[in-house]
Amino acid sequence: MTLITILGFILIVIGIWGMLSQSNIIKIIIGFSIVDTGIHLVMVSIGYLKDRTAPILDEAVGKAEALARVVDPVPSALVLTAIVIGLAVTALMLAYAVKLHEMKGSLDIHDLKELKW
Amino acid sequence: MVNTLYTIAAMIGLAALLLAFVRMIIGPGAANRVVALDVMTIVSISLIVFLSAHFGRGIYLDIALVYSLISFVGVVAMARYLERGL
Amino acid sequence: MIKKYAVLLLLGAFALMLLPFVTEVTPFEELSPVAQKYVKDGPDELGSANLVSSVIVTYRGLDTLGEVAVLFIAAAGVGFMLRRKGDVKKSLRREASGILRSGTVFLFPLVLLYGIYIFLHGHLTPGGGFQGGVVIASGIVLLLLADVSAKINGTVLQWIESLSGAVYVALGVLGIVLAAGFLDNRILPAGEFGRLLSAGAIPLIYSLIGLKVGAELVGIIDSMQKDEL
Amino acid sequence: MITVFIIVLGLVMIAAAVLAVQQKSLLSAVLLAGVISLLASILYLVLAAPDVAMTEAAIGSGLTTIVFLFALNKIRKQGKHD
Amino acid sequence: MELAGAIVTLLGSLFLFLGALGLFRMPDIYNRMQAGTKATTMGTLLFIAGLAMGFHETIGVSKVIIIILFVIFTNPLSSHALARAAHKAGIPLAKETVMDDLAADEAKEDSAMKGTQEGEEL
Amino acid sequence: MKKIKHAILSFLGLMLIWVMLTPPDMQEIVAGLIVSVLVVLLTLGMEPVLGDIRLTPKSLLYGVLYVLVFLRELLVSNLDVARRVIDPKLPIKPGIVKVRTKLQSRIGRTILANSITLTPGTLTTEIRGDYLYIHWIEIRHEDLEGATRDIVQKFEKYLEVIFG
């Protein structure tokens, strides 16, 4: 549905705004996860076909009529794995943030002066 | 007639979700937001069951079940964080 | 100040870039050719009622293997980042209330049963290995939350994880030998469509994925939680 | 009917996202990110993708929030001992 | 049967709304939790039961019963955990509050075991 | 002894839930048997909370009565909350009171606390030893005995027979 596509794009833009404008590392990670959600919404909404139902065959959808009644299963499969990867990446980033806080005692990226040119 | 009643019920459920979200916005403090999130999850479980009936697919109910278990774990984690027991 | 404008400019550029997706793309009326093949032949070829599962486990099985590997690397990375040598102080956590503890003891078997239900029925209902593994991991997190003295046995966790991973790959290789290719599910009989014992090896492979994902996620949580400073 | 659903949930999600970015308190920001995932999984159901909805429910609003909480907890403890 | 289901669902949604309204109007977190827990539990129960009555051919009844059982058992438990956490975190009660036995008892205990330091480090 | 009772009861409970989750089919029932036994074996090391349930005809009868009382109280409590929330003056007089319970078994206390949370105007906040601390939305008795009589005893007489 187009509405959900637009919603996904708005979420992506908000997330990028958060990542760029905030200086706290945890807030940047939250922005990243918002972008993640937005991208997943866009991908699933592109696979949606009007008035169709989930690609799981049971009493409601028979084998014969499946071709005319189900949505695209490929984006679903893609997004499903992407969500799990998103969790792994988020956990890894948080581990970095914890380590960084242990070394520097601060979560603000302005306090990390060594890498600035 | 019957369908209109169901639709009205779902709309009232959405209104409840919105009201809980207002509490989420005004807070004050994280603890109140956790309470609001708890209420929002419970309302969402109802809405998922409604969507399952609306689309006529009984298999969607599994998601409501996952929600009722996972939201419990999440709220307990937040509570333990607040009382410094994590 | 300059930074603020730069951010705004970048966001505007992004919005302009994304705009054609909204205005010019017309929604599809038909399934794409690949999806048509999956939907038309999938149920008869593989015997799985959930087409998403058949795509994940068999048609794009190699991607899933890669994904599980990425998850493993992330878990190892978290464990590596947060490892701590020597001086671990006494844990300073507040005890959970007795009501929560006995409620957890009552609820944990239910969570476990539901997780197993999800990954055994990956080919019939929404769900599968990833979701089931996450539900089981949440159950174990619940135990960690409710009991201050609860510890996770790292050796058992590693054994579960590596054993299920090894069996997963072995099943994949068996697919080359007995059926059409790597991770083909037709190494077991297809069974009757729509019952529990159907879809060849999909329930088996999904159970292994579930165990592996669950073990990895518990590992991540464990390294996040233990060794308080 | 479903359109009303999408519009209301979408507006709430956008508001939650903006607040999550603007919020001063980290814990509140994490909770608002949890709300986004919660409502996204309802939208996945509308989009006829129950597998994705279940994954988002279990991971997005469950485990991600818990992992964030554990990390915040570790950071809080480190702050105490400085 | 369908009409009865619709009416039960409508009733349930009204309780859900009242729960959210209570969450909105009450003065402090404990009273909010009171409204939030009770009304939403009952509301969900009625909402789901009504849907099961109206659509029992398509969605089945047994899974709905399991959802109701889970909600009835987990909802008060999580509320209890939250209420305890809120009190331990020192969130104040509303100004209408008459008495607080728990805080009184905790203060008594703290003065009794002064010097052990255990309470301080948490 | 308690452990065996716990194992059998939890096996039966898990099996019931499995049968309700799955469609009626022979394969599913066999799978349910295997999975339930597996889960019971995996959780054998935990506390046998269900071992406290008494299995006499009287306790079963009281169990049914308890469910009926609980449902009535749930309905009453919701009407009570509705009345308070709708009233523009918001008639509340909250506070935390202390009550005592006679129940000894842990699962019995848990169910008592949950029931109290779902009944009119009360919310279990903390448990310490034999005392429960309860947030009451409209305090009617400030003393221990009065509050115990009002809040706890309507459930306790049933739960005492079931769990002891």
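We just call them A, B, C, D, E and F in the order they show up, numbering each chain from 1.
As a convention for this text, contacts are C-beta pairs under 8 Å (C-beta built on N, C-alpha and C of every residue); 3 or more make two chains touch, one makes a residue touch a chain.
Every value quoted in this text rests on a predicted model; they were computed, and no experiment measured them.
Visitor: Keeping to the contact definition above, tell me which chains border both chain B and chain D.
Guide: Correct list: A, C.
Visitor: Can you give the shortest number of steps from chain A to chain C, where adjacent chains in the path must touch?
Guide: The distance in steps between these two chains is 1.
Visitor: Which chains touch each other through the most C-beta pairs?
Guide: B-E
Visitor: Going by the average position of its CA atoms, which chain sits the greatest distance from chain D?
Guide: Result for the farthest chain: F.
Visitor: Can you check how far apart chain E and chain F are, centre to centre, with Cα atoms defining each centre and the answer in Å?
Guide: 14
Visitor: Between chain C and chain E, tell me the centre distance in angstrom, where each centre is the average of that chain's C-alpha atoms.
Guide: 31
Visitor: Could you tell me the distance, in whole angstrom, between the mean C-alpha positions of chain B and chain C?
Guide: 24
Visitor: By the touch rule stated above, which residues of chain A touch at least two different other chains?
Guide: Touching at least two other chains: 1, 17, 21, 48, 53-56, 58, 60, 70, 76-77, 80, 84, 87, 91, 94-95, 98, 102.
Visitor: What residues in chain F touch two or more of the other chains?
Guide: Touching at least two other chains: 17, 21, 110, 113-114, 124, 126.
Visitor: Which positions in chain E are in touch with at least two other chains?
Guide: Residue numbers touching two or more other chains: 19, 21, 33, 41, 58, 63, 66, 70, 73-74, 77, 79-81, 84, 88, 122.
Visitor: Identify every two-chain combination in which the chains touch.
Guide: A-B, A-C, A-D, B-C, B-D, B-E, C-D, C-E, C-F, E-F
Visitor: Which part of chain D faces chain A closely enough to touch in the complex?
Guide: 3, 6-7, 10, 13-14, 17-18, 20-21, 26, 29-30, 33, 36-37, 40, 43-44, 46-52, 55-56, 59-60, 63-64, 67-68, 71-72, 74-75, 78-79, 82
Visitor: Using the touch definition from the top, list the residues of chain F that touch chain C in their complex.
Guide: 10, 14, 17-18, 21-22, 25, 27-28, 31, 35-36, 38-40, 42-43, 46-47, 49-50, 106-107, 109-110, 113-114, 124, 126-127
Visitor: Show which residues of chain B lie in contact with chain A when the two form their complex.
Guide: Residues of chain B touching chain A: 55-60.
Visitor: Going by the contact rule set out above, which residues of chain C touch chain F in the complex?
Guide: 97-99, 102-103, 105-106, 108-110, 112-114, 116-117, 120-121, 195-197
Visitor: Help me check something: in the complex, which residues belonging to chain C touch chain A?
Guide: By the definition above, chain C touches chain A via 4, 7, 10-11, 14-15, 18, 21-22, 27-32, 34-36, 38-40, 43-44, 49-52, 54-56, 60, 63-64, 67, 70-71, 74-75, 77-78, 81-82, 124-126, 130, 193-194, 213, 217, 220, 223-224, 229.
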